[in-house]
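Have a look at the structure below, then the notes.
Letters A, B, C, D and E mark the chains in the order given here, with residues in each chain numbered from 1 onward.
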Amino acid sequence: MAALLAAETLQGPKVDWFALSPLLILLGGAMVLLVGGALTRAWPKRGYALFTAAVALAGGVFGVLLWHRIDDKGPMSLVGNALTLDKVAVWLTITICVGVFLAALVSDDYLRREGLDGPELYVLYLLAALGGIVMSSANDLIVLFLGLEILSIALYVMAASHRKRIESQEAGLKYFVLGGFSSAFFLYGVALVYGGSGSTNFDKIVTAFDTTVQLDRQNDALVLAGVALLLVGLAFKVAAVPFHFWSPDVYEGSPTPVTAFMASVGKTAAFGAMLRVLLLALPHWRDDYRPALWVIAVLTLVGGSVMAVVQTNVKRMLAFSSISHAGFILVGVEAAAHEGGATLASPGVSSVLLYLLIYSVLVMGTFGVVAAVGRTGDAATGLAGFRGLGKNQPVLALGMTVLLLAQAGVPLTSGFIAKFGVITAAVDVHSYAIAIIAMVSAVIAAFLYLRIMVSMWVIEPEAGDDARERVHVPALLGVAISLSVAFTLVIGFLPGRLIDITP
Amino acid sequence: MIEFPILTLLVLVPAVGAAAVALISKRQPDLVKIVAMISSVLTGAMALWVLFAFKSHEADFQFVSQHVWIKPWGISWHLGVDGISLFLVALTGVLFPLVIIGIDPHHDHKRYLSWMLLLEAGVMGSFISLDLFLFFVFFEIVLVPMYFLIGGWGYDDRIYAATKFFLFTMVGSAFMLVGIVATAVLAKAGPGGSVTFDLIKIAENATFAASTGRWLFFAFAIAFAVKVPLFPLHSWLPDAHTQAPTGGSVILAGVLLKMGTYGLLRFGVYLFPEAAVWARPLFLTLAVIGILWGAVAATMQTDLKRLVAYSSVAHLGFIVLGTFAFTTVALTGSVMQNVNHGLSTGALFLMVGMIYERRHTREISKLRGLQKAAPVFAAAFMVIMLSSIGVPGLNGFVGEFMILIGSFGTARWWVAVAATGVIFAALYLLWAYQRVFHGEPDDDNRAFPELKWKEATLLLPFIAIIVFTGVFPKPMLTRIEPSVNKLIAHIEEHGDWRSPQPAVGVPSVEVVTEDGEG
Amino acid sequence: MLDLVWLIPALPLAGFLCILLLGRKLGDPKAGYFATAMVGASFLVTVGVFLDMMSKTADERSHVRTLFQWIPVGSLKIDLAFLADPLSITMCLFVTGIGTLIHLYAVGYMHGDSRFSKFFLYLNLFAFSMLMLVLGSNMLVTFLGWEGVGTCSYFLIAFWHEKESAATAGKKAFVTNRVGDWGFMMAMFFAFWAVGSLDYSVINHSVLSTPTATAIALFCFIGACGKSAQLPLYLWLPDAMEGPTPVSALIHAATMVTAGVYLMCRISPVLEIASDYAGWIIAIIGAATALYAATVAVAQNDIKKVLAYSTVSQLGYMFLAVGSGAYTAALFHMITHAFFKALLFLGAGSVIHGMHHEQDMRRMGALRKLMPITAITFIIGWLAIAGVPPFAGFWSKDDILLFAYDKSPILWAVGLVTALLTAYYMTRQVIMVFFGEARWHDAHDEHGAHGDVHTNDHEPHESPWMMVTPLVVLAFLSIVGGAINLPFSHKSERLVTWLEPAIVVRESDTSKLPLAIVAIVVGLVGIALAIMVYAKHRVKAVEPQILADAWGYDRAVSNFMGGPGRQAFDGIAWADAHIVDGAVNGAGELVRGTAGKVRKLQTGNVRTYAAAIGAGVVLLLTWFVVVRGIL
Amino acid sequence: MELFVFVVAAAMVLAGAVGVVVRKHPVHAALSLVMTLFGIAVLFIAQDAHFLAAVQVIVYAGAIVVLFLFVIMLLGVDNAEDMHIEPFRVQRPVAAVIGTALVTMIGLAIIVSRKAAVPVVTQSQAVQDAALDPHDGNIRALARDVFSDHVLAFELTSVLLVIAVVATVMLARKPKPGELLIIETPSSAK
Amino acid sequence: MSAAIAVPTTTWYLLLGAMLFSIGVVGVMVRRNPLILFMCVELMLNAVNLTFVALARRLGDIGGQSTVFFVLVVAAAEVVVGLGIVVAILRRKPNATTDDMAELKG
């Protein structure tokens, strides 16, 4: 028996541990939190949040180190070709880490305020981020699927984590059911693509199709169906119309920091996955899925903006705004889909990456303010809750104004740079129509930001509003919002360096 | 030698002022006002310095400063003034301190002043940017302070008006942004290779296929047409003007609309001469319709401020008409009329604001016989109104006349119709004047207070410039004309356009003229 | 001295500025005297210039004095320059001369008015503008004055702006004039387009094509129609009588309204090149206006309205002359008309003043005893306008009729009928005001709004000296005014000789005497008729309402403006609010409405969402499998 | 033989599936699910996926369905759903259309491309060798594959399970009494 | 294996999988009980598993089977989490259906 075992020692793939460092750090951090949180007494105030932030920061720092390594040695594939470490992956890793970092800061006081304090949510943040990083650096459909599930399941739990609010649980349930539903579609897509190519590995898929795809198009119907289903899964994750229905409800119902996390990390990872699947695994079907992407992008842009118009709950508004932003990013993806070959080096991809980073930070800050304004119970997130903010908390209101203007794409904010990049990418490949539709829908979307601003600055609080608890900005949240605002403005004024390094 | 970065400071001083005002504690209202005053006056002084230091008879951009801003996108901080923008810069520089010092917003001074200064920075920037991206940044950023000014300090329907203003203008900008990007991207194919957003480089070097150029031109033109506003895209204007606080209206009419006409010239015609020539009939027609439409609509208004707002539509129609006539005289007239309209309509808004301060209504039917109650006030209003009507000897006439006479050679029928606009201008303004100032005042209006010293001081610069420019426009013309000539030469070079040769009279008899000029 | 021509307008301008700054301090009556002095000084300068010009040969009498470049841009070089030539100086002479008299008169007339100094402020500004108009060496400077006098006219008509009718009349005058200004501007555009300049020297000496010349001439005529109250734009002038009487005399009789005639004379060389029909149009409109206004004047009861229509009628005469090519005759009549019509207006003003602002002739009568000087001077004016030799009006009117006969006997006949009517209605007026029985006692209650300052003495009284003096001077001029251009010999036609270098002069070869005799007879018949009707009461007066209503034209225009015109305006305003703006709000509403509908899809129910996803899947599959895969 | 197995198993699968969808009572639905799962396990065996068939039965039928039943019993939510009521009238027709369309589309794709060239898969030598083992070739090959090419995926499943653990901890934590207040909007609370 | 009797090819399995999948999809759309919804999702996953196995056999590749293995784990984790959420909800609102959980909408 022993001999048999000895003879059959498995030759596992080589593991470049350093290259996996961000993943390992997040995982390790999660374990420490989980085990430590369970075994020790409650940590000091802010302990969990600061620890999580530190872990995320460390992950990010290692991401930067990896970045330099790629500068020196070029991209590489990891763990038996399951992951790819290229600049896109590292960029997204850093973006996700930034998201987690800010999310941890935003969550701290919120959780204590809502009586939900504990390490669990932070553990989920870290693990979800891990899933996100896997998604955005996967080189294999199965790995990508697992990353997706890690992220999604964590998000389901997070959405439902506000025990006192039935809305939170409703959100969790909806997200879960629909998430599972769409995951099944995605998985079916994986299966069909696997059937056509004989592998789930991106490189092998491409190689397989290189030899067969040009021969007989009709016989690829099954693979095309697979592509369609993959697209469904991805579109669901990024909340593209008509697969977006979950997102307003879930955004509204989830605890605000979790909403922020979904909008930043969730979206980043989903788009990372989308880039990889569409551009690296399925470049042969560019001409097939590009029109579909076009339509989805337009629907998403217009739908998100239009539906936001009639909302009165700020979280819900921002959910629709997030849909609209997804539309913008899809414009970038569509532009990238014009490039030939299995490559991520195109203006479209760059614009998407830039957009994701900027949007992640932006949306964190925005929801941070919403978390503060929501007050105890996380219920005052209607427009009415923002009334008089300009008077009572002018600095907070000003910060929110900057963030909202950035979301609207007003120049000298990072939001404008992001939009400009996407538009440039689209125009670069002569997708003028979609560029114009995008900009016009941005105008429609601007209406909702204006409404929030009007509530903050112009509309006088009503009699009942005065009795409301005063908005209070705790330290860590303040730090998170300040960082977000600062980033928004700095990138708005001096984007050159950042654009330069975008892969 | 490094030149003194005067233009950069023109943008930075108000911007820094805005930041400073925003940062000063609310408990020091006087300090807030002083800082705002200093920064706006300083900006005004610098603008005037630019005006006087500007070399006349010079067509090129002056005081140019250029620094790389966003290198990967080929964007630079590129500023400069020429004859076309010079007076708009000066107007901006002059108007803002007057508004900031002269008009009391009644509440939240700090925020009001901060927005005002930011607005000034934005407006200033749009007039001196020579980079498409930079221009867009300023063009767009202006919306924000204006939005807050209307929304925060306006009248009853202010939120609706502010939102409409913001969104409507932004729709136009949406097209322009795509146009800007497309221009830069398509211009890249030309010599040079790298992307640039530099206005001059693109205008002078890039060549677009005719159809492409036309699309691009329209992308730009929509944004400007909204801003101008050109019929039928004007409907945001009456609301915005009417609901804005007095200071906002003055600035809106005085300089903000000029961003449209200026943009049309600088970023429409200059960049796409071929397309501009091609689209000429359309713009001429819309301009002329606008002149009449605005005038007729103004006639029927019951709100004095709204009436003045509609008069802007008509006046700006003239400016667009002159722009698309493509002759030296008309174009110079247009550029000049920008300033004239800014002054006279700005001043009209100022006075309507004063009426509102006193009577808390702008309804024409509620006002009556004010001339008897306040003759000096009425006289000041009259002078400004006559300028707006275009009575010779005042500034409004000079520009309007130059536009019409200059356009006649190239757009005869349009001019024939447009010239009837002068009839309507008299009709609506005089009718309004009659209803508001003439007649026997009733009890409410009898106590209408006379013009105060402070107000008179505020109006004096307006009236002085109105009269001076009407009588002696030459200093303006000699500064504007070279740049305009250069632009027309540019149009002739790139577009299918020959500006008409000036007709030379054929005197049959030697004319005895004795030039008495000293 | 010719170089000092700029002083002519400058002095009234200085007067204007001084009164603007110090008017209230000067007060009543000093401001008035000051203003009078400034115009008087201007008159003296004019006389100086005139004498200087007289001393030069005919060729050297045209002189351009440029002050500065006004609008120099591109090919448009417009100077602020004055053209001193016989034509302009002639105009200046009577503008400043009569102006001075009327200023003086006004000191008396306006005494006690609360806005006394403001009145003279406007009056001086008017004098300045009128002189700019006359002296301008190019069309634009003329236009500057043209608009300036229009504006002053507006101010002065609406001087008593508390009165609704005055305010309306002022506005009406300005707007109607603007219609004419459109024509003037178009003429300038054409001229600039054709010759590249607006200088009269260039325009008048260029070789213009006939169509261009016709266009310039006719557009100028449209301008002239507005300013000189010709059909169809005369409407404003009768209403303009709302203004104080000195204003009516100065602006709406003697000077401003003749600007149109002046302009046509100024561009007479262009008219000569223009097509024949241009001349015909002008002559016909002139004749028609003359006849039309004369018929209307017959039935007016307002002392000033009669004179107003009379003015319109006489201006028609002048245009008849212009259309017939008789520019000198037009100018001649303009001058004599200025004398006697100013006289008549001032006389009327004196009556009104004496009657405490009563203007209805039916409440006057037998005033000759109470206001002897006024009566005598008025009667002189009457004789002058009625064309009784040797008064001034006879000579000039005769001159016009002569040329009209040259053009067409029909025009001449129309002119003759007008002359008859003129004699008739003027006689009627004189009788109603100064003869017959006193009827003013009937109307104590009708107190003019501005008569309050006067004493409660309701008896009519003679006016003070500053009002009477101008009457006397003008009466004298009305008697001898014809002397400047007597048709006896070439030498006695001094005006023609004098103007010859400046405007086109035409000779008539028709025998003058028979026509003159006919004219005299016709005039006398008119007077006799009126005496029969109004003094002897032998014949019942024929004053049909339709004439009193000016053939209903004014009302028709008002009805059009208030009816369809207003509806059209309302329609556009409606369209602006509901279509143009409606489209914008509609777009907003559309977005909102769509959102409102779409949000219903957002049921909150997981199963619906799943269905949506399913639908999306099916659509995507259709695209991928069917469209891209199988087809 | 294989046909017979297929037909029977397929019938089980479909019948069970339809049962899940149409049975009112959750317990019945769960039992229908078991039938489907068994059918699939049979089909796995028919396709030489022995290990998976075993796991299918153990994990799915054994663990997952039991879990379902457990929850149903634990919470006492075993009341029947009234299948005659459908609040959204369009829901069922829409579902039917979508379901039909879906199966048509995919079926079409399957049929159209049934003759498509099967890509040549080159497996690692170790896996090929293991598959040749007559006794437990399938399991060996699977193990080779999972622990070499898919080792990362395998590790990731552990993360998934950690999340499941955390999730249960979080979700199952019973709120303290009084904590379950539904927080009203302040206006109504006031 | 007799030639007369058709041998079920991969296509048959694939079609069966498609049908199973669609039934699952329909189930999610028509059922209201959250637990049954989960079961329907499980049906879909099983359909995919069946497809994977069938394809793996056609390809002669074991990779498809390993994938099924992972899917099983995912399904298990999903069910655990899903039931956790359902338990949390049902404890609060016994007998809640998904139709009842529709407070967030619009």
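By definition in this document, a contact is a pair of C-beta atoms (placed from the backbone, for glycine too) under 8 Å apart; a residue touches a chain by one contact, two chains touch by 3 or more.
Note that the structure is a prediction, hence the values are computed from the model and not measured.
Visitor: Fewest touch steps from chain C to chain E?
Guide: Between chain C and chain E, the shortest chain-hopping route counts 1.
Visitor: Between chain B and chain D, how many steps is the shortest route if every step has to go to a touching chain?
Guide: Steps on the shortest route: 2.
Visitor: With contacts defined as at the top, give the pair, A-E or A-B, that has more of them.
Guide: Of A-E and A-B, more C-beta pairs in contact link A-E.
Visitor: In whole angstrom, what separates the CA-based centres of chain A and chain C?
Guide: Whole-Å distance between the two chain centres: 78.
Visitor: With centres defined as the mean C-alpha position, give me the chain A-chain D separation in Å.
Guide: 27
Visitor: Any idea how many Å lie between the Cα centroids of chain B and chain C?
Guide: Measuring from centre to centre gives 36 Å for this pair.
Visitor: Any idea how many Å lie between the Cα centroids of chain B and chain E?
Guide: Centre separation, chain B to chain E: 66 Å.
Visitor: I need the residues of chain A touching at least two other chains; which ones are they?
Guide: Counting only residues that touch two or more other chains, chain A contributes 142, 146, 149, 153, 156-157, 160, 163, 166, 173-174, 177, 181, 185, 192, 198-199, 218, 220-222, 224-225, 248-249, 310, 444.
Visitor: Of all residues in chain C, which are in touch with two or more distinct other chains?
Guide: Residues 599, 602-608, 610-611, 614-615, 617, 621, 625, 629-630 of chain C each touch two or more of the other chains.
Visitor: Quick one: which residues in chain E touch 2 or more of the other chains?
Guide: Those would be 14, 21, 24-25, 28-32, 37-38, 58-59, 61, 63, 66, 70, 74, 77, 81, 84-86, 88, 92, 98-99, 101-106.
Visitor: Which chains touch, pair by pair?
Guide: Applying the touch rule to all chain pairs gives A-B, A-C, A-D, A-E, B-C, C-D, C-E, D-E.
Visitor: Under the definition above, what is the set of chain B residues touching chain A in their complex?
Guide: 22, 68-73, 133, 136-138, 140-141, 143-144, 147-148, 151-152, 158-159, 162-163, 166-167, 170-171, 173-175, 177-178, 181-182, 185, 215, 219
Visitor: Chain D touches which residues of chain E in the complex?
Guide: It comes out as residues 1, 5-9, 11-16, 18-27, 29-33, 35-36, 38-40, 42-43, 46, 49-50, 53-54, 56-63, 65-66, 68-70, 72-77, 79-81, 83-88, 90-92, 94-95, 97, 99.
Visitor: Which part of chain E faces chain A closely enough to touch in the complex?
Guide: That would be residues 14, 21, 24-25, 28, 34, 37-38, 41, 44-45, 47-48, 51-52, 55, 58-59, 61, 63-64, 66-67, 70-71, 74, 77-78, 81-82, 84-86, 88-89, 92-93, 98, 101-106 of chain E.
Visitor: Under the touch definition given earlier, write down the residues of chain D that touch chain E in their complex.
Guide: 1-3, 6, 10, 13-14, 17-18, 20-21, 26, 29-30, 33, 36-37, 40, 43-44, 46-49, 51-52, 55-56, 59-60, 63-64, 67-68, 71-72, 74-77, 79, 81, 86-87, 91-92, 94-96, 98-100, 102-103, 106-107, 110-111, 114, 118-119, 121, 123, 127, 131, 138, 141-142, 144-146, 149-150, 153-154, 157, 160-161, 163-164, 167-168, 170-172, 174, 180
Visitor: Sort out for me which residues of chain E touch chain C in the complex.
Guide: Where chain E meets chain C, its residues are 25, 28-32, 37, 98-99, 101-106.
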